[in-house]
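Just passing along the structure, written as structure tokens.
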Amino acid sequence: MAPPKYKVKDIRLAKKGQASYEWARDHMEILDSTLGRLKRSMPLKGVTLGFCLHITKETAVLLIGAKELGARVAACSGNPLTTQDDVAAFLASRGIHIYAWAGQNPKEYDWCIDQVLSHGPSVITDDGADMNVKAHFDGRFSKMPILGSTEETTAGINRIRAMEKQGRLRYPVIAVNDADTKHMFDNRYGTGQSTIDGYLRSMNLLLASKRVVVAGYGWVGKGVAARCRGMGSRVMVTEVNPVRALEAHMEGYEVVPMSRAAPAGDIFITCTGMTGIIRKEHIDKMKDGAVMGNVGHFDVEIDTKYLLKKSRSVREIRPNLDECVLKNGRRVYLVGKGWLANLVAAEGHPPEVMAQSFSNQILAILHILNHHKKMENRLIPVPVEIDQSIARDALAAMGIRIDRLNAEQAKYGDSW
Amino acid sequence: MAPPKYKVKDIRLAKKGQASYEWARDHMEILDSTLGRLKRSMPLKGVTLGFCLHITKETAVLLIGAKELGARVAACSGNPLTTQDDVAAFLASRGIHIYAWAGQNPKEYDWCIDQVLSHGPSVITDDGADMNVKAHFDGRFSKMPILGSTEETTAGINRIRAMEKQGRLRYPVIAVNDADTKHMFDNRYGTGQSTIDGYLRSMNLLLASKRVVVAGYGWVGKGVAARCRGMGSRVMVTEVNPVRALEAHMEGYEVVPMSRAAPAGDIFITCTGMTGIIRKEHIDKMKDGAVMGNVGHFDVEIDTKYLLKKSRSVREIRPNLDECVLKNGRRVYLVGKGWLANLVAAEGHPPEVMAQSFSNQILAILHILNHHKKMENRLIPVPVEIDQSIARDALAAMGIRIDRLNAEQAKYGDSW
Amino acid sequence: MAPPKYKVKDIRLAKKGQASYEWARDHMEILDSTLGRLKRSMPLKGVTLGFCLHITKETAVLLIGAKELGARVAACSGNPLTTQDDVAAFLASRGIHIYAWAGQNPKEYDWCIDQVLSHGPSVITDDGADMNVKAHFDGRFSKMPILGSTEETTAGINRIRAMEKQGRLRYPVIAVNDADTKHMFDNRYGTGQSTIDGYLRSMNLLLASKRVVVAGYGWVGKGVAARCRGMGSRVMVTEVNPVRALEAHMEGYEVVPMSRAAPAGDIFITCTGMTGIIRKEHIDKMKDGAVMGNVGHFDVEIDTKYLLKKSRSVREIRPNLDECVLKNGRRVYLVGKGWLANLVAAEGHPPEVMAQSFSNQILAILHILNHHKKMENRLIPVPVEIDQSIARDALAAMGIRIDRLNAEQAKYGDSW
Amino acid sequence: MAPPKYKVKDIRLAKKGQASYEWARDHMEILDSTLGRLKRSMPLKGVTLGFCLHITKETAVLLIGAKELGARVAACSGNPLTTQDDVAAFLASRGIHIYAWAGQNPKEYDWCIDQVLSHGPSVITDDGADMNVKAHFDGRFSKMPILGSTEETTAGINRIRAMEKQGRLRYPVIAVNDADTKHMFDNRYGTGQSTIDGYLRSMNLLLASKRVVVAGYGWVGKGVAARCRGMGSRVMVTEVNPVRALEAHMEGYEVVPMSRAAPAGDIFITCTGMTGIIRKEHIDKMKDGAVMGNVGHFDVEIDTKYLLKKSRSVREIRPNLDECVLKNGRRVYLVGKGWLANLVAAEGHPPEVMAQSFSNQILAILHILNHHKKMENRLIPVPVEIDQSIARDALAAMGIRIDRLNAEQAKYGDSW
């Protein structure tokens, strides 16, 4: 059955969505200039692209941009809760085949991915690998000719890597997340700031002097820890990787196992991409009033079932903040039901960092279209030239000049 | 004419307001324990109190608390834009004579203050001195017997001091703002955080690497500058006081006059309490895309008339963010129409800091009731014992123990 | 008996001392311009001045400067260990009556003060009040006609205040330390940096990730805590003042009593000006390897007698670092025998901050000479005009321009 | 000709060197426990090792440790200026064949390397590749049977890489510098701190508020920039790599080309490993009073010839600080004649970080001895197991526990 043209919450929100879109575009100079340069040659003419991304004002700039380069664009949300409905409406009004609204149940979420795949995309841009998993293991789509895919997140790359290890990958996937100009900026500065934003909106408590537990000291954890410290918090870090643990310790954070962090923390932020980080045994030890949330990818880092189903009572005390009265009588609080707090309770990353990430996306898509014949069915890094050129564009967009190696220096670099 | 019992936007919001109130109260242990101790003696029995404060969930804790100590309580907002309507509804439902709603015009704002004064309060608690000015210079109220007043802000104290200098003060005013446990915490950490909150909500731009201009390096400016730096911004400071300017310089900020900051800044935050800080001549030099807002007291720090009336066009591009297309073609953005960005675009200070400020308020009110006969009609500091006891209570509430001087040390301190 | 012309360790060090002096003078623009302006009128002609200050290259700039304004200058060190012998030699070579060398015993220290007083100074500039105490309570000097004094330190002011309280002060003392341009800069940024310098030189250990205990959160403690954090340390603070304790807590430091800090700390820095801060009971609980030192004024903050006399063994393991093997078998380390670590193990404050402090000194001395007849025998603040003018000069010396209130603003400041 | 047993400045310094050695060893727990574990099997019995490293108290712990594992040890300094003579004397007294003293001329420096190679080492541990270059291209040594080498620095690795590219490498070289537990800690936190130490000792100026120019934003530059900021400086960064430049910008540093930094900076620190960073054209634009120094590897980053030979006059105004009066009349200052400021003017990295680096060294040496037959003549990374085990040991040495993946999590990590 042919997919409907689009499905959004309320098409009348399009005008509000347009203002959001314009605001974002004005602050995504790098993407804008990348797109501008490409527009002359219309390199996506005749190509169908499928996107499974958080539907935010920044994503709108990418999708509209892809369309302006000639593509037919179908898109759904990479998460059941994070769609900005006005932006989705605006995208629909602009001819994007968009299937997304905030607050989907799992069935609806699935249906949306199906619609995008039904458009028969040549390249898939994914955030967390849900669409790629379907394109591999759902009988309806597992034979569809797909040239390749790009993946936005650490969590998605981990899943793709598991598929690769078991020899199941049927087309190349570019690990956009692993580009320096992506993860060193988006994951760190983007999530760092938007996490502060999401937590402040949902709980409105003082961060200064509070003990904040940051679970995971990857790029996201680094960014979150730095920003919490910048807001005056005392930060504890939990890790499983000893090198990262040592780095966190040297940065002056208190490194402890979660069992020791649980009774000490005032606020908890999971940033691991792993499952089962904050478990029943931790929750039961928390102080009355503890607040916890997640900015990793899936809602599996905190045992939300225990919180939302086994508590003595649950009520939404503030928007995106549930009060759970535990059996032990203590009250603990959950941000955004354990889904990405920075997207559910705030607006996700600011446009400036998404511009870098999405420049990587658009150039990676083009790379697949141009080179897919020579690419193996593997997880593939973003070519370093793309990475460097985005960094140069970003500096140029901000009017920053840097030095270049002169001849003597280049020679010195090659000598012993 | 007798004032109506209350006037709010929609009394049906009371239930939502109650949840907000409970959340705040749970995080205002110091105030809670202060009130708890006092409750046994009902020291406000038979007293009428008038409040002119931002009507937030934290203020609700103060007002309900005063009522529980026996007072008749009348209250209005110290600002036409900052009332949280659900909280106002909740207060009305609890028997507070509340006259407040968000988005008042000047006439409505005035009317609300009149209603509070019509209740004949013995003590006035003010935020910015609007009620005190009326109680002195409006014929209807200027002879009303008032025992004294307390003032919450730097801006209000400046106005009271001007009245005192000219010999016009007709009752004592306690400068609650000047208590160490108030301004060193509320003005600094409270405004610091809530300013970040307000700006992020209204503009959703990356703070990291942006050049933020902080006008004024008093306690508010210090807090705002520290938090912006904590979020990764490069901070410029403008000042008129050379000692403060020097301190900002030593802290590593770039100290410049506004004429030089104007063309360099990405984001502007006025924190002065003074008028005419960002003027036409500055606005016209700003970069396309510059964002400006105010967290001082009144909406006089930025020339909002020039922005909102003389621009080629004005539109609200995001909630609480107006895009002003200047005659020179550049677009600049104004947060919350120049009113307190941290209250208009966010929720004001978090409850923890307000607990300290309002503990000062309640103890200052009691001080007036107990000692007004011996007090001169002057601006009077909060007694140091109150200040110290609040600090001790705050530490105790957080379970922090500190050292005490032993006998030998006390003797050493008195020796030479 | 007439005092000798001077007494220093080795007059042949004068040339090396001159280079030091020149380096300091080149970085004390504010003092230099203050002195330059005054030189035309030679306001100290015929006046004898007595100084009791750390004899460093920066002090040399003050003393030579005073001489160039016409004064006869006699000086000794405010501390038995902190004299830079080359600087003392240089001062002697330039006609300063200097009595100072590093490593004095108490008797020698006393003798030096006596020599300075024997010159019959009209004004005394003191650092810690030792000279002033002698000028009051030593029969040989207690009747000497002295017009007034200036005091450089918090510790000295505390002693003068004790004398004032008991009605024993026989001439006015200007509290130079309490000038904003002194304590907010010298005590904070000066001691902050020189403490890092002294500890690094004496122990050469990594500060990053270490737990540093800062005792006292006055201006010195604030500066030391900030710099330790800046070097990557995790900082604990001990305090007796609840407001300061609360401030330290809000800044994100861990606030604890010394009994809890003692077993947790890796490095201890006392900054209190009080006695008996680190006592036997604390030392016995410390970890093997703990390092402790003092940057308050006197060597009374740590129980050095217990360390140096009651330990199983003591040896100097590095310059200015004594290893004390306690009875419990643990080794703890003492910097500079408990005297000012930043002066004993490093060179004291850098010239830039001393320039501000000494500008206050020279202007305070002139203030006494000009106004002593109208001054009470009390502790007197530095006039605010002096404070402000020094701040203006400091900004000008660095080429920093700031805003000034315009007429409209000045009027606004006086209105209500 | 057989090499002499040792050559040092003064063997009588051995006792002082021993105290230094003990102090270092006590703070190198990781290395100590690594060595302790190995000691049972004496794995270096019968092996001759050659070391070309800065001869500091920390290096002494490595060399004595290697000897205690059974090795014959010959060592010289990797730099003509950085030897601590007392440590060298102590090493000689303990049977290390040491050829090192501070202040060598190029000929002497060469001679020392020759002596070490004359011992016929099986493995070479190098710092900057001078010994490896000789072992390849000096006829006397280029045929000597060498099993492999380890290299400590970025600069050395760059030279080895150049040799590898041209097919000239005749044995495998392990890139110890590139181990996470080396460069993320030693280069960053070690150099960061020791640079502050070296600059403070040599210039004793206030860092707060000064404009510090950090050339290069690799791991060393990152560490130096962070510490300068921590001391209150305003930091400018120069780079040639756009990704690093962008990262520095996002961290809030001002990124500029050297031509713009030169006239703006107060203090310059080169951290690049490259040549010709601060050239005549930059020096001539600097402000009167500018201070510059180098913490990269060789003395080629600043044009010291221009400074020391072409200046109008040069004098040592303080230890390790030369005043150069330029032809344009301005005075600029050079730290440590352009050699490693943190080693020449201070003591190099603190022992805690060297413990990690040298644990990598000792394990890399063993790795070569055990696996050299299977290793290619290439630049080879430190095996990840070594890296991780050092991180685990480091955490254990500090009593830090971390989480481990449980079975469910491990499974999740392998799933999609």
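A, B, C and D are the chain letters, set down in written order, and residue numbers restart from 1 in every chain.
What we mean here is this: a contact is a pair of C-beta atoms (placed from the backbone, for glycine too) under 8 Å apart; a residue touches a chain by one contact, two chains touch by 3 or more.
In UniProt terms the chains read A, B, C, D = Adenosylhomocysteinase.
Since this is a predicted model, take the numbers as computed values, not measurements.
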Selected pair, greater C-beta contact count between B-C and A-C: B-C
Magnitude of the superposing rotation for subunit A and subunit D (Cα, nearest 5°): 180
Averaged-CA centre spacing for the pair subunit C and subunit B, given as whole angstrom: 39
Computed distance of Cα centres, subunit B from subunit A, in Å: 37
Interchain centroid distance [CA atoms averaged], subunit A/subunit C, Å: 54
Multi-partner residues of subunit C (each touching 2 or more other chains): 189, 208, 229, 232, 249-250, 398
Interface residues, subunit A side, partner subunit D - complex: 129, 133, 158-160, 162-163, 165, 180-181, 184-185, 188-189, 238-240, 242-243, 245-247, 249-250, 255-258, 260, 274-276, 300, 387-388, 391-392, 394-395, 398, 400-406, 408-409, 412-416
Of all residues in subunit A, those that touch subunit C in their complex: 208-209, 229, 232-234, 249-252, 254
In the complex with subunit D, residue positions of subunit C that touch it: 19-20, 22-23, 26-27, 189-190, 192-193, 196-197, 200-201, 204-208, 226-227, 229-232, 289, 315, 317-318, 346-347, 350-353, 398
